[in-house]
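Alright, structures below, take your time with them.
In the two complexes below, subunit A is the common chain; its partner is subunit B in one and subunit C in the other.
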Partner chain A sequence: MKSTDSEIGTDDYLLQVQDLSIGVEQSQKLLQLTDRVSFKLKKGEIHGLIGESGCGKSISSLAIMGILPQPGGKLLSGKVLFKNEDIFCLDKTSLNSLRGNKISMIFQEPFAAMNPLIRIGEQMLENFDYHQTKIDRHQKIRELLNEVGLTDHARILQSYPHELSGGMLQRIMIAMSLLLDPDLLIADEPTTALDVTVQAQIMSLIVRLCKERKMSVLLISHNISLMAQYADSISVMYAGQIVETNEISAFLTDASHPYSRGLIQAIPTLDKAGDKIIPISGQVPEPGKFSTGCRFMERCPVSAAICSNPPPEKNIGDLGHYRCHY
Partner chain B sequence: MNNKVNSPIIEVTDLQTWFPVKSGLLGRTSHYIKAVDKVSLRVNHGEIVALVGESGCGKSTLGNSLAGLLPIRGGQLLFRGNAAFQGNRLQREVFQNKVQVIFQDPYSSLNPKHTVFEILSFPLLYHKICTRNEVSDYIASLLEQVGMSAEYMNRYPHSFSGGQRQRISIARAIGMKPDLMICDEIVSSLDVSIQAQIVELLLELRKKLDLALLFIAHDLSLVRALSDRIYVMYLGKIVESGNTAEVLTSPSHPYTRALVQSVPTLNRECPPVILQGEVPSFTNMPVGCSFQNRCPNKSERCMNEPEITESNQRELRCFHPVQI
Partner chain C sequence: MAVFSKLSKDRFRRFRMIKRAWYSFIILSALFVLSLFAELLCNDRPYIISFNDKLYFPIFKFYPEKEFGGKYFTEADYVSLRNSDLFKKEGNWMLLPPIPHSPLHSYIDLEGTPPHPPSAMHWLGTDASARDVFARLLYGFRICMLFSLILAGIATLFGILIGGVQGYFGGVIDLVVQRMIEIWSSLPFLYVVILVGTIYSRSFMILILVLSLFQWIGLSYYMRGEFLKIRNLNYVKVAKTMGMPSSHILFRQILPNGLTPVITLLPFQIIGGIGALTALDFLGFGLQPPTPSWGELLSQGLNNLFAPWLAVSTVVCLFTTLLLATFIGEGVREAFDPRASTD
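Up next, the complex of A and B:
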């Protein structure tokens, strides 16, 4: 059932998130968490989703798997099209076969994502209990461990998670997520808990696998340098909205939204020697306390009276767009 | 003034912090984890010194040892020229509360059952920094110094975000009027925009209060923007030290170079270079140079342990430094 290149035309996208609004119902009050989030992913593309904590990155990415926040999570509007099929219209069985088989996910904390009481080998085999395949399971696990650069199979499969380092565990997580050859990998802050040296190893591994397998990756991170190095395109999220989307090179040279510019200026880099770090003042507003106009207004260096009206969406070139009055 | 600048606040020579590993039926010490081994380090008056390295290299252990929070096995720790340890016994009065530590996780370093007022007042009253009558005003001024409103005094930690909690931790530390603050990864759990705010605050406080900072971090770009001098640590030993800008632009130790090269930059033309291999564990250290199994410049000489050599105010522990 594997799709080939010819099935997907150049204009078609593997994943399209359209106007996705998600809320939670808490003590009879509806709290909107994301507001009309839209982005698209081509086959083999690495799309970055960047933003501060609490801006709705993880909620949006979980919604791609059909998971809404619990308890009280609600889909308010929009759809998630995976290969032109709306995943919110799928029944439970087909949704389950989608998860893991077609879309898989790796998380920030490799330690927290594993069961500490079960050996690595058993945890990897568990995958197959839920997804029937005809392939030789042990053979496949060995192949994948090789692919992620772990060669000491016997020892690793016999180990418990605490016996391995964070970098090794993240490699195992990646191997596990690839067991069923997914078309889309959602990587939610895959290297935040790791050292820079290990980060470079893991990211180059993800990029290599993405190229070899023509797999798409949704890379979620708050590290803009990481995006600059590895993503093909980027969406910036702020307070539940996507405020800017563009190709990565155009974004880095000429970011349009003041928040994007603020993010770029707020990070110290090794090559920007001597430059002052310019912080963005204030804090991200909490859900439910968003302004009705531009949500970045209070922290924006160029805000004016007009910003209390909802900002219009403007296009940048063919592919990019941003949401700002200026 | 110049004299003051160059006088060390804290100076350690050949500091060793070892943890015994007990095994067998009788629980005898079979060997030691040498988390900090023969480290010499100095923080001068009003200076910001960075300590960098991968996780598990002993940075935090060294930081805690410097604050007198851990028993040391050997070496000397001088605070303002006075020995803080007589043998293995800590002479707490030497520090006079002038060394304060701020920890990494702002969620576990503040007691959730106490209000901000209580959290900040306990150390002040215990150490008689101020009297009961003054304490409220003093805390208000501390909160103001870290950019928070005095109204927050009666709230509990759960009502604050990570960045605000870290500000409260900073307020607690500066309340003791320290000479040296040891900041152990204090921004690594915060968002970038908040990170920059905290860094700004530290720089401002340092100027205003004439503080010295030991900044323990693994984020090299942050360290580059912040610190005057840097120590690079690998497996319990300092492998290179010197002026931050110089060390990071022209690293001499192959490990420092690998660290610098693996940091992603905004420029896609120069992608990160990958350092192969994993950090060996403390229980299974290689004989000789501890970096040899990952080092591109390795030779037979590296089976012996390299000593620290000094040239141009740069200290280096390597037989085959990177040629520039």
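Up next, the complex of A and C:
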């Protein structure tokens, strides 16, 4: 399926998420979780998706692989184009051959992401079972374990998940997601469950692998310093909507949406030491309780009467855009 | 296969530490294994007969009556043979099993009228048809155990399958199946047994079939819950994002992690099976006579209150078996209790 978007050569993009709206049906009521989410990823690019908990980041990222929330998940509108093919138009078999193979995912809690009853080695090997490859499986596993900095192969492969530490498991998760050389890696808060030193190791590992393999990464996090360090471009999500998208450097110096500015101001830095960190007051509204106008209105420091109308989308430069009345 | 994780080993160790349950398990298993070889232990066919300088092995081989000087081609009656004048000659001998009675042989020529009270020959006496009660109890135990094990196996399989499908797919499938189970479980079970038993014969397989139509329901509720819980865990999501098909996710990822209710309920399923079979036999809707059965012995005991050895021995056997199984069930449940975990 060819994209209708023709301003830029669409083939440049590995992944295009267009107007993706997802809802769940709960006790006969439809709850919209994401609202017309759109972003694009070039080959070899690291794109950050940032936002507070519960604003639809993980749901959108799972939807990229065609997985909707269970039970009752529904695709309301939009499409996900991976290599110009709509994920939601694929049949089950081709979808399964895509998952893990072309697109793979790292989850945030390594302990929960491993089956407690299966040895690591078996869990890794099983990923080959449903994809056709000609590579030497054991060789590949060893190579990748080396790459993620794990050398004690025999012991690790024989271990059950509970016998290893969180950092080790997260490395194994990364190795596992790279087994079939995916073109797109979705890293859903890959370092949240880890301590800071391991965080840095894991992130630089992901970045290095991304550059070496020309792999695109969708980096999902609520940690803006992480984004500042590793992402090439960024999308800010708030209450199921993307409120701002831009190159990372432009975003950090000159964010346009008040929510983005709030996020940046909330980063503790050394040169601001002693100053009070300015938090964004209030909480993300629950799905189903979004206002019809600007969803950030209640927490916005610059909100005005006009904000109860849906905010327009405005461009910043060539690549960026944001959604605000100001 | 990595079925024995650290957790499973822990649970097994905890089960062994509950002495009552562990010894009950050993005793019941030993009795069951012993009963599987009941033909060798308790039989009116001798192991070896030396008759007119020829050796015969009746326990393993069929010999017509003619071989031992009878008239017919039907199987020789070894009980009458060992009392016959023909046999009581020099050089003839036979090696009998420790309990030389078959559960089906009627000792009609015993003195008095059946049921005969316990004697040196018949330890627990004979029943109303002059059959040895001990032999019938032993064979009855085997049938009871086999019956409830097979029944528990089938019920577990169906329970897992149906509960699993409900829990994993959820939504409309769950709703529809749940309503159907509710309708199904409101069928009066006893009438179905009587009806099916009347139309078809009341054989072992038919009874298992009818009972297994109902036995799975309880387990399916538990399995549904387990699958509902586990399918939302992250490792199932990981398996999905790795492109694994539903069958793999169901049987490899979820099922081994959701087996706790199966194992904790298994002893109670077996108890239920024993109880159901005995009750049906007692009411006369169970296995076809002359199959040795505890329920039938109980009803004989009720009809022959002057022969207390019938009811007492059966009740003691039934009580002991159910008690052992209950102890095992308790132990398993305790061993699987997550709150009892020491670490």
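To be clear about the criterion, the second predicted complex is superposed on the first by the 313 of 326 C-alpha atoms of A that agree within 3 Å, B and C clash if a C-alpha of one lies under 4 Å from a C-alpha of the other, contacts with A are read in each partner's own complex, and residues count from 1 in each chain.
Criterion: a contact is a pair of C-beta atoms (placed from the backbone, for glycine too) under 8 Å apart; a residue touches a chain by one contact, two chains touch by 3 or more.
Model, not experiment: these values are computed from the prediction.
In the three-chain model built by superposing on subunit A, subunit B and subunit C fit together without any clash. Contact with subunit C, but none with subunit B, is seen for A:L62 once the two complexes are overlaid on the shared chain.
When the two complexes are overlaid on their common chain A, residue A:S104 makes contact with subunit C while staying clear of subunit B.
When the shared chain is aligned, subunit C comes close enough to touch A:E126, but subunit B does not.
In the superposition on chain A, contact of A:G262 is made with subunit B only, not with subunit C.
With chain A as the common frame, subunit A serves as the apex of an angle whose CA-centre rays point to subunit B and subunit C; its value is 80 degrees, to a multiple of 10. Touch criterion met: A:S53 reaches subunit B, while subunit C stays clear of it.
In the superposition on chain A, contact is made by A:A112 with subunit C only, not with subunit B. Closest CA pair between subunit B and subunit C after superposition: 12 Å apart.
The interface of subunit A with subunit B does not overlap its interface with subunit C at any residue.
Within the complex formed with subunit A, the residues of subunit B that make contact are 54-55, 161, 163, 191-197, 199-200, 218-222, 224-226, 245, 248-249, 258-260, 262-268, 271-276, 278-279. If you check the complex, the residues on subunit A that touch subunit C are 62, 65, 67, 70-72, 95-101, 103-105, 107, 109, 112-119, 122, 126-127, 129-131, 160, 162-163, 173, 176, 186. Listing the residues of subunit C that touch subunit A in their complex gives 2-3, 5-7, 170-171, 231-235, 237-245, 248, 252-253, 256-257. Of all residues in subunit A, those touching subunit B in their complex are 52-53, 165-168, 195-201, 203-204, 222-226, 228-230, 248-249, 252, 262-264, 266-273, 275-281, 283-284.
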